[in-house]
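Heads up, there are several structures right after this.
Shared between the two complexes below is chain A, which pairs with chain B and chain C, respectively.
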Partner chain A sequence: MSDTTPEEHGRGAVTRRTAVKAGTALLGAGAFARAMAPLTSFTKDITIDEFLQKHYLELDDAHLQKVLRRLEKETKDEYGADVQISDVRPTPGVQFGYALNLSVCTGCRRCADACHHENNHDRRTNNSYIRVFELSNGSLDFSEGSVDYDHTVPQPGKFYMPVQCHQCDEPPCVDVCPVQATWKEADGIVVVDYNWCIGCRYCEAACPYHARRFNWTKPEIPAEEINTEQSYLSNRIRPQGVVEKCTFCLHRTRKGRLPACLEACPTGARVFGNLLDPNSEIRRVLETKRVYVLKEELGLKPRFFYFFDE
Partner chain B sequence: MISVPGSLACTDFACTLNRILPVACRHRDANIGRAPCSGIPLLSALLTCALLPGLVHGCNGPDVRTEWGESVDEDAPLHEVTIHQPDSLTGLRASTTGPDGNPVSLRCATCHDGSPGADLARRRVEGDRMHAGLTMEHGELQCASCHSGDSLDQLHLASGEPVELVDAFTLCAQCHGPQTRDYNAGSHGGMNGYWDLRRGPRVRNHCIDCHDPHQPRYPDLVPMPAPRDRFLHRGRSDSAHGTHSEPTPSSNDGHSTDGGNR
Partner chain C sequence: MSVGTTDSGRRRVHSGFFRFMWDSLGRATDGSIYFYAWMFALSALALVGAGAWASQVANGMGVTGMSDHVSWGLYIANFTFIVGLAAGAVMMVIPAYLYHDEEMHDVVLIGEMLAIASVIMCLLFVVADLGRPDRFWHLIPGPGRFNWPISMLAWDVIVLNGYLILNLQVVTYLIYKRYRGERPRRRWYLPFVFISIVWAISIHTVTAFLYSGLGGRPFWNTAILAPRFIASAFVTGPAFIIITLQIIERLVPVWKAHGPIETLTKIMRVTILLNLFLVVAEAFTQFYTGGHHDDAAQYLYFGTHGHSALVPWIWTALVLNVSAAAILLIARKDSTYKWLNIACVLAFVGVWIEKGMGLIIPGFIPSTMHEIIEYIPTATEWKITVGVWAFGLLLYTVMVKVAAGVFTGEMADRRRRVATGEATATGQVEAPEPSV
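For the complex of A and B:
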């Protein structure tokens, strides 16, 4: 609190407070309670600094560094882990795309598990940004599909379809956010400022891929299991009461590395890369394979593709 | 082989790229520090300041966080792509461990001095003691389709040309063109490391990391535990707010049933 400068509050804080008031009638009771909490009591969970913090996009480098150090300290205090939270911006000339080979995926959920650990998800719920559907051959009826099968895979007559954020170019989740806590970045990744999110969950409802998650409780992770390489917009431990989502592991991919779910895939079903590079693996998939888009009729222009081997 | 489900629409590649490239170009030319909402036409159309005065972040003034970070040198030398070499390519793994704690690896020639080869083609070792557990389920192939009779440290191509064990890749490639092509294009076999070789190296798996040459069918796996996801209970009781998901066996910590993530 003491290292907060006047510039750190100001317009941003007013903006969010106004939004909270204006949004009252629209919000669910739970979200409303959480949103109002800071106004009544400054708990250990929500400090005044955090509440008064500006929107990520309005923080200059000096202030952002302060915020990052504060978040690191909070993680140390609350979780007992020494983490490094960085801010990684998009790389010029890079547009991310992801493709998944449905002929090869066997539904083993190693991707979902890798996501769980990489992104510091709540251990209790075993949360993950990836949900793997077991569907019957020739059918895409998700209501008939299973996401909690626990027999060996693959089963005859079934195919497996992992679904995660499609990083749409026309993202409905971004459009519905009343406070612009979520937006699309220049390299195509849709991100959330977890410190700006008011937890109204409109975005979660707007996503046809059900790719967003809401933190009902404070995430529980033992200190020794925390992935200490974190970034502000991706895998830092999210506060309770906010919405979170897959970022194609931007803390890795913006540094040139492959996403955690791809590296964990034992079948080699996942292909990731730069859509602007004509020699990239992802471009070759799009150019040479039969490529499909889930729910294409919605016109959301996803960056995530499915393909089959001929 | 999976038949194509009805509502997975086939996308035309040209279309896909045509829509992404212009977006990308716009972004590339964009001024640093511009409000992100103005880069997204639909969004800015929907969320104008007039509609939601005071609520919309970014309409009050310029953003300071940069749109792009540092560039990577276009002509930077590329890092290496290596193919992982499984131990089994250098000899026979014994069940005993050596002084270093690793399984002892015996060169094939330790026992095969070149004499047994004559009738390789007809022999099977299922149930034998030395190579116990070796089952042959690879099309109609015989031992001699791949192993050389004269030197078991070597494999051979259909032409008879010898291939060292460590080059087994070449052997698989001669009969599996499509998978080898896909592998070389990066869409079969997976990888680790960097998608951007300007910034770091990459390691590829070997065919035999995933396919036992004698029984190449990809093994069945036990899946990792599923996320305890509120989505599971959709359709049962997911009305409006205050959904009650069934408590899962492992959520016995006294939290409310709202404890699942969704």
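For the complex of A and C:
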């Protein structure tokens, strides 16, 4: 050490220390990259087009067609099914309403099952937008009811109340969404842009009817079970990590057909139609029957009504 | 990096700032064996959290304990609590200005650094809770579609980011000026300090409105939620700072912590009781009214239909908070701060439960359709939570270390001009010249 001045010696120590620091930093960066490695399996499924895709309401026709074709191709690649994804717009002069006759519903849950298949729900969780509550005669107390009953129906002394999205006219789920990924369409149906939703689930917290579902994992459906007639805003297979909801089967109802849950109902409890058409059955029910609105006190103005026979 | 005297002033500031950042990096990576151990442990925990998050994003949020019934869990619970910590860290200096307590002014800086670390933790917890973090840009006004002013979450994004920028400005400016040996100009920090104090109230109020505005969730739908949030923020902020000040005083003896600690203890003595009073007022209304309005409170405090996952949590919180309040009231001659420190830890953990799991989870149990589906956080959620906390503490440690270095003069600009009439953080107290 005799031939180094104190100054040089000091500089050498600093260099060594800096080298150790740099090495540690490198190790840290490596460990971080290693920790983040699972992200690559997630991002490889996201194309640049998908990442940069604009909000549904900002897409022009040409862009929208490109998006629909891309989604069809993705469905083919990931699920092995040839599907047609359309974009069905609301019809002017139509406001949809839905009513359900509590006097005749037997709680068979065929509506829920029809929804499950029509809307390409995850098979593993047996998801559906409709849940049927079994309640005791003389009470509408849900805390005494059961949604997972497992016995023959109808049971004596019980009645049944299917609950799905009420398509509120003043939807709290739409208000709370920070990115406008969900909105009310001109015909009153509340929809979600599954490619815009960030998955914060604030809407799930805001909905008083438990109408919204989150895709906690990527939906699993065998190719042969996929309903190939799909639309962008309704029953196309949803991506992982986004919220979904009942759309009154807009891919059917906007083309003049009835919701799948109504078609499946064996008791004729369900009545669907245009609230603006004075001759529609839904208008007849609302004008002549005793009607009950669930949680009416919240002031959300639902388009879903329960009614009773005389 | 060589800057001659002929360079323009603007250029000099920039390279001066570069030197500041470089020296800060050096200071943040130099220390005793204990410092290295501490930083290494925090880094390791943060990495575990990062790995858990990456696999959560890849595999879907099914790896968490959340469900469509309990759709927010440990992440949002921690988010809510830490918003309170961020707010409390700055709000606690209000008494300093109200009562012209000048010793407290230097604590502003310590509090604002805590606010910065806390807001960053909050943002990380929000990202951890997103199903699609790749679409975070939808939240940026301009390229995204920002649902402002209707969505309270949009408001929260604004107030939290605004708060972060405000505090970054004040902290960076004051420390940088000190590093350069220049006197900070009041107009470049004092207005921001005052805005930040008012803004602190807004971040926790908006966060409370996020929950209290939901008509379908009676447990949250209460007007005293925002006051409750503010009250407990006035407990956790001072509790954290009291302990931090003692650590700083031990490491950097020129900083005198005694006066501010006395003031903060006086604040806590009141706010901890206020917080408990509000808890009792809420519980009374829920239980005395009865009916289904108290179902969530029933579940939280006593369990319902054989489901009682939160009961041990909330009673632990109550015992901790009441004990902390009792210690603060009884142990007044506590010159070593032993009892004070115990009270601070108890209160901090107590509020973490009460304003975290104890507040978020009962909002979902029973569900809006009165079903009881319980929630237990999974290992993934715990790993991410610990990781975010570790990262936040890491940031805070670095900030405090750099600030301490600058204020003791150990870290000073090599090219600084000869300083005359140096000022401390808020220009109130003269600090000694660098010792070496």
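Methods note: the second predicted complex is superposed on the first by the 266 of 310 C-alpha atoms of A that agree within 3 Å, B and C clash if a C-alpha of one lies under 4 Å from a C-alpha of the other, contacts with A are read in each partner's own complex, and residues count from 1 in each chain.
We adopt the following convention: contacts are C-beta pairs under 8 Å (C-beta built on N, C-alpha and C of every residue); 3 or more make two chains touch, one makes a residue touch a chain.
As the structure is a computational prediction, the values presented were derived from the model and not from experiment.
Contacts of A:R213 after superposition on the shared chain: both chain B and chain C are touched.
With both structures placed on the common chain, the touch criterion links A:A223 to neither chain B nor chain C.
Legend: residue contacts after superposition of the two complexes on their common chain; A:C197 is shown touching chain C, with no touch to chain B. Legend: residue contacts after superposition of the two complexes on their common chain; A:H55 is shown touching both chain B and chain C. Of the two partner chains, chain C is the only one touched by A:V242; chain B is not.
In the superposition on chain A, A:V147 makes contact with both chain B and chain C. Set against each other, chain B and chain C differ in how many residues of chain A they touch, and the higher count belongs to B.
In the superposed pair of complexes, A:R254 makes contact with chain B only, with no contact to chain C.
Shared contact residues of chain A, touching chain B in one structure and chain C in the other: 28, 55, 58, 131, 143, 147, 175, 178-180, 196, 204, 210, 213-217, 295.
The part of chain B that touches chain A in the complex is made up of residues 1-11, 13, 16-17, 19-21, 23-24, 27-28, 30, 35-37, 39-40, 42-43, 46-47, 52, 54-58, 60-61, 63-72, 74, 178, 182, 185-196, 198-200, 205, 210, 218, 220-229, 231-232, 234-235, 241-242, 251, 253, 255, 258-262.
Contact residues on chain C toward chain A in their complex (touch as defined above): 29-30, 43, 47-48, 50-51, 54-55, 57-62, 64, 66-69, 71-72, 126, 129-136, 138-139, 144-147, 150-154, 157, 210, 214-217, 292, 295, 363-364, 366-371. Within the complex formed with chain B, the chain A residues making contact are 11-12, 15, 18-19, 22, 28-30, 55-60, 64, 88-95, 97, 99, 101-104, 106-110, 112-113, 116, 121-122, 124-128, 131-132, 135, 137-140, 143, 147-150, 152-154, 159, 169-170, 174-175, 178-180, 183-188, 196, 204, 210, 213-217, 253-258, 262-263, 265-276, 280-281, 284-297, 301, 303, 305-310. Across the complex, chain A meets chain C through its residues 17, 21, 28, 31-32, 34-39, 41-43, 46, 51, 55, 58, 131, 133, 141-143, 145, 147, 163, 172, 175-181, 196-202, 204-210, 212-218, 239-243, 295, 298-300.
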